[in-house]
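Each in structure tokens, the structures are laid out below.
You will see two complexes here that share chain A, one where it goes with chain B and one where it goes with chain C.
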Partner chain A sequence: MFLRATPRIVLPALVGLHLVVLLAGFFAPYDFASQNRMLPFAPPTRIHIIDSQGKLHARPFIYQWKATAEGVPQYKEDHSAVFPIRFFVSVPRYEIVGIVGFRWRLFGVETPARIFLLGSDAYGRDQLSRLLYGGQISLFAGPLATVISLSLGILLGATAGYYGSWIDEVLMRFAEVFLALPWLYLLFAVRAFLPMHAGPNQIFILLIVVIGVIGWARPARLIRGIALSAREREYVLAAKSFGASDAYILRRHILPQVSGVALTQAALLIPRYVLAEVTLSFLGLGVAEPAPSWGNMLAALQHYEIIGSYWWMSLPALALIPVFLAYYSLLAYYTVQDSSISEAIWKHREGFRPI
Partner chain B sequence: MARYFARRILSSLLLLVSVSILSFVLLEFAPGDFYETLRLNPRVSEATVNALRSQHGVNSSLPVRYFRWVHSVSKGEWGYSLAYDSPAAPILWTRAKNTLLLTGTAMILAWIIAIPFGTWGAARRGKAPDWFVRGTTSILLAIPDLVLALLLVLCAVRSGYFPAGGMVSFDFSEMSLWAKFRDLFRHLFLPCLCLAASSFPVLLSHTRTAVLEVLESPFITAARGYGIPVRRLLFRHALPAAANPLISLFGVSIGVLLSSSVLIEVIFGWPGLGQLLLEAILQRDFFLVIDSAMLATAFLVSGNLIADVLLYACDPRVRAN
Partner chain C sequence: MGPELPSKAGQAPSLLKVQNLTKRYVQGGWFSRHQFEVTALENVSFALRRGTTLALVGESGSGKTTLGRCLARLVNPNSGEIWFEGRNLLALSSGALLKARRQIQLVFQESAAAMNPRLSAVEIVSEPLLIQERLRRKERRERALAMFERVGLSPLWADRSPLEFSGGQRQRLAVARALILDPTLLILDEALSGLDLSIQMHMANLLLALQSSLSLTYLFISHDLRLAAYVATEIAVMQRGKIVESGSVVDVFSNPKHSHTRLLIDTIPGSGGERV
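== the complex of A and B ==
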């Protein structure tokens, strides 16, 4: 059903999403840390084209939120002034991923009005901006950790499978230890032994490395299997008899066969790792405030009154669903093109044949 | 057979030992300890902290600490929890019981639903039931358990019937037996549903695939030719033949359930191992961290052992080898 979409649609959508998130500074109207203490839990701003007098405006505009009660986040629109939405507003210089300086934001309104397309949080910070900036951490944690897992898996798996004997024995016993622990317990336990408090960048790198390294065992086992069977093939024996070096055989004959498994493993691991980062940050073991991640944005929902009253606070959770769908449909495509996802995993496991 | 199982048990034990060694080695690299937060209190002097440290052997070398831990495990104490200021074992056992209650119920629920639906989907391949089964699988698979749990908490908060957290009400000890049961059920319902729903799609699609494979084999065609009714054919002939991969999956599914239960326990305030693990991490109470990871591993390993025994009992093909 949903999972029949081909990479032609899904891949550009995913790449686009990652680009938007990377350029969060441009697409977000505010900085992730800019607070409006007077506007906690403001609902999403409504965009109008007809004002309260019934006059039509050519340019869409918004009204300011005005608190109706003291101390309680209840708002109504203040009809005394209209604030048209401006595009390509110039702002003080900010940096995109800490490299390129930039002076423009896609849209915004004049102060004192604030535009909160997805509402605001307890400190009156714009949820949309935080969602976009948070994606820089949550969405990229997955692919980056997967790169670590797969490189480790390919390196160790190919070594174990190709050289065999005691290297194989040692590595695979070691892998078994990693596979024996329930995954999240392992992740938490390893996280427990690492520093809790550091800058957001260090924590981000730490998380990627921990998540990636812990997941090395499964891809390594799969890749070992391929290397093991490839080692016995005639063309490898022929290459050996011509005096080819081990490095050459690994590069020329074994690694090319690994690419299929590596791709499917990537599509399987990325969403899992995205969720791992979100979970860790949700539980306070990951990226800490004020830097946003989808996980620590969701942490506010542990207070029942927030989850019950302000629906826009749960948007980061809903944002995860299309991301998951996208990766799983890729997985389904890469394994068997015409079936649902878990069937695809199953078939893949059973029917893999090295060429 | 006895030799086979003896070997399996021995290798499981070896695995547990290596996990414990691995965690102690990791512990060696851990910065900070429990007493660091104690030092933040100005009334606690450096000397007191150092005295406490040497009393609990935090400063001693890795092998010494490891063997001390092994010794306390053999005494049934499982190390010493600094945060609770008591041996770890009693804390662990209550938590482990709660986790087992939650994951056990969820597992039974998930399997009970998955087997008939998966078989049904396989029997009507390409028809409406099959589409229903595959659609449910896809949708549930795409919803992360974190999102599902939050959604269910939202339901609990909005509806007000289900309590949004905890395991029992505060006046639990004064209730009658029936009221106790109902109270526990109401607290158990949502986290259990959430856990079951997170493992359900995998079980469902594996059941479907396994049964589908069997249904294509010649003996099913023959049985159909004898005029055996479809329901009997499916549940008496096809399902037992398809049991092999499902029983292996049963062992694996314990690990998956334990993993997702960490998060769900925290969200629903269920006082289980996962919650204990998180508390212990935040307080840097390392014995509890190691112990709960060890217990979770032990559950997983014993799940795999049980799966092996079941496989041996159910599948004559395994017995023949």
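== the complex of A and C ==
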């Protein structure tokens, strides 16, 4: 029963997560690049309702962090002033994904205090804001690159399987080269040939194209198998005897059978491609500072003292876990749905339904 | 019109005339050293008069299905000619072939395999209209439902999956699909073979009734001589890709000349012939 409910729970959660990330400007209290050199590596801000004198406040508030030592990022709360958390604060106009202008943020505190719900990094930038903005790159790299991979895979796989003969031979030998090479190293190699310095938007598009194109082979092989068996079916032969064109047969009889494999592959490829973007950015081959990505945020962890002293710096890695869990539960669902097991199970449940 | 086809005096002219049709399959892969050829059809020639039924009988592997598929232009023969209504089907342009396909329709043995289980019954029956006439959905449906009634299926079943029909009903569905383009020649490739005897009889009678009301010509491919004799007026016996004997059903059955024909007749269950 849980398995059947999976997409109903997981899909809205994923869509919600992507929406939050897309609207990072609204949910994040600060811009991803706004620095505060006085507060490097500030720990997550504590939210209070009872102040140091034991007085209860109706509105949750924070205390400002105050450095305790010169040159070392050690802080204690400055109890001299209370900064209540305000909702729907008005800010200077910013743009959501570069399109829609907006003047509000969900929450914030008055200056000079800063609210760092997930701490701050070496430049005193808010980790939560960077995490949300970084998700725009890391989370969307997965689905967008998957669209490229699957489109190429369906196009080339269906062509190879349907036409067969030398087209099949050439395309599949080519695919085997891609499958035989270690995928991640191939990605590095191809990335190394391409320009390193460009705007974050250009780099993002470059990344998804490279990741997507390199991953075409596996979906293509699977879809080729489906097309290969489907074209031998007698109903395809019947359609040919009515005078159906190749395009008609592909569209009406072959591609509908691909949907199950395409969904399974999507659920498999998306988290893999999210991880690919994170890896590239972690190694400095992806999106460059100051634009955040979950990968380049984690790059700071290459320093041992940061991993050892400032635990909140590794939160972007933890953020990947629910994303992966969500996609892999979808993968499990679609795999079972796509397999013959489901036919056996569901045949008895609600009458035969060819999936 | 092409060349005048020879026809015996007092008889209907030939609708279909096949001359020296040969089809060979090459077995073994590109790199295999053991490529060898299988001859599925060897110099097959016959004529089929309008409004009649020719039964093509023979053992499995004798080339009956390949012949049917050559006529439906699903398989390209290596050599020979197929004259249909005065035109050589093997020399048509693709546009003319698309038009000619309307006239020749094929009914497969395995109706379940010949129907896409993702489509509904009405979509399957109206598929030729979608391909050939690009009619709107509503018109296609109307014509398909009319055809449902013609072959004795309830229009109420139109939106079911083909897998929900019984074997006999599904074969009616296959006949409805084959008839929807108003063809002149129907190639029935073992169309009744998968059915049990009483349903075979119903279907055979349906086919005969449709033949007289729509003036259809049948090529009835079967391994079952009794059924062939019931449906057909003429019979051609195939063995290893060749037609070894042909003639009217009465002549061939009463006086079989070729040893293979005698063997086939003798092995009809209950015919009193020797047991094999």
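Just so it is clear, the second predicted complex is superposed on the first by the 331 of 355 C-alpha atoms of A that agree within 3 Å, B and C clash if a C-alpha of one lies under 4 Å from a C-alpha of the other, contacts with A are read in each partner's own complex, and residues count from 1 in each chain.
The criterion applied here is as follows: contacts are C-beta pairs under 8 Å (C-beta built on N, C-alpha and C of every residue); 3 or more make two chains touch, one makes a residue touch a chain.
Small disclaimer: the values here were computed from a predicted structure and weren't measured.
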| item | value |
| --- | --- |
| Combined model on chain A where chain B meets chain C, clash or fit | fit |
| Partner chain(s) touched by A:284 [first = chain B, second = chain C, both, neither] | first |
| Partner chain(s) touched by A:307 [first = chain B, second = chain C, both, neither] | first |
| First, second, both or neither for A:195, with chain B first and chain C second | first |
| Touching partner for A:184 - first (chain B), second (chain C), both, neither | first |
| Touching partner for A:70 - first (chain B), second (chain C), both, neither | neither |
| Chain B versus chain C as contact partner of A:275, first or second or both or neither | first |
| Partner chain in contact with A:321 - chain B first, chain C second, else both or neither | first |
| Chain C, chain A and chain B - angle at the middle CA centre, rounded to the nearest 10 degrees | 80 |
| First, second, both or neither for A:241, with chain B first and chain C second | second |
| Of chain B and chain C, the chain that contacts the larger number of chain A residues | B |
| CA minimum distance (chain B, chain C), superposed complexes, angstrom | 12 |
| In the complex, chain A residues that touch chain B | 1-3, 173, 176-177, 180-186, 188-196, 271, 275, 278-279, 282-285, 298, 301-302, 304, 307-308, 314, 317-318, 320-321, 324-325, 328, 340-343, 346-347 |
| Chain B residues within the chain A interface of the complex | 15, 18-19, 22-23, 26-27, 29-32, 131, 134-135, 137-139, 141-144, 146-147, 150-151, 153-154, 157-158, 164-165, 201-202, 205-206, 208-209, 255-256, 258-260, 262-263, 266-267, 274, 277-278, 280-282, 284, 286, 289-290, 292-293, 296-297, 299-301 |
| Sites on chain A touched by chain C in the complex | 233-235, 237-244, 248, 252-253, 256-257, 352, 354 |
| Complex contacts: residues of chain C adjacent to chain A | 69, 72-74, 97-98, 101-102, 104-106, 108, 110, 113-118, 127-128, 131-132, 161, 163-164, 177, 181 |
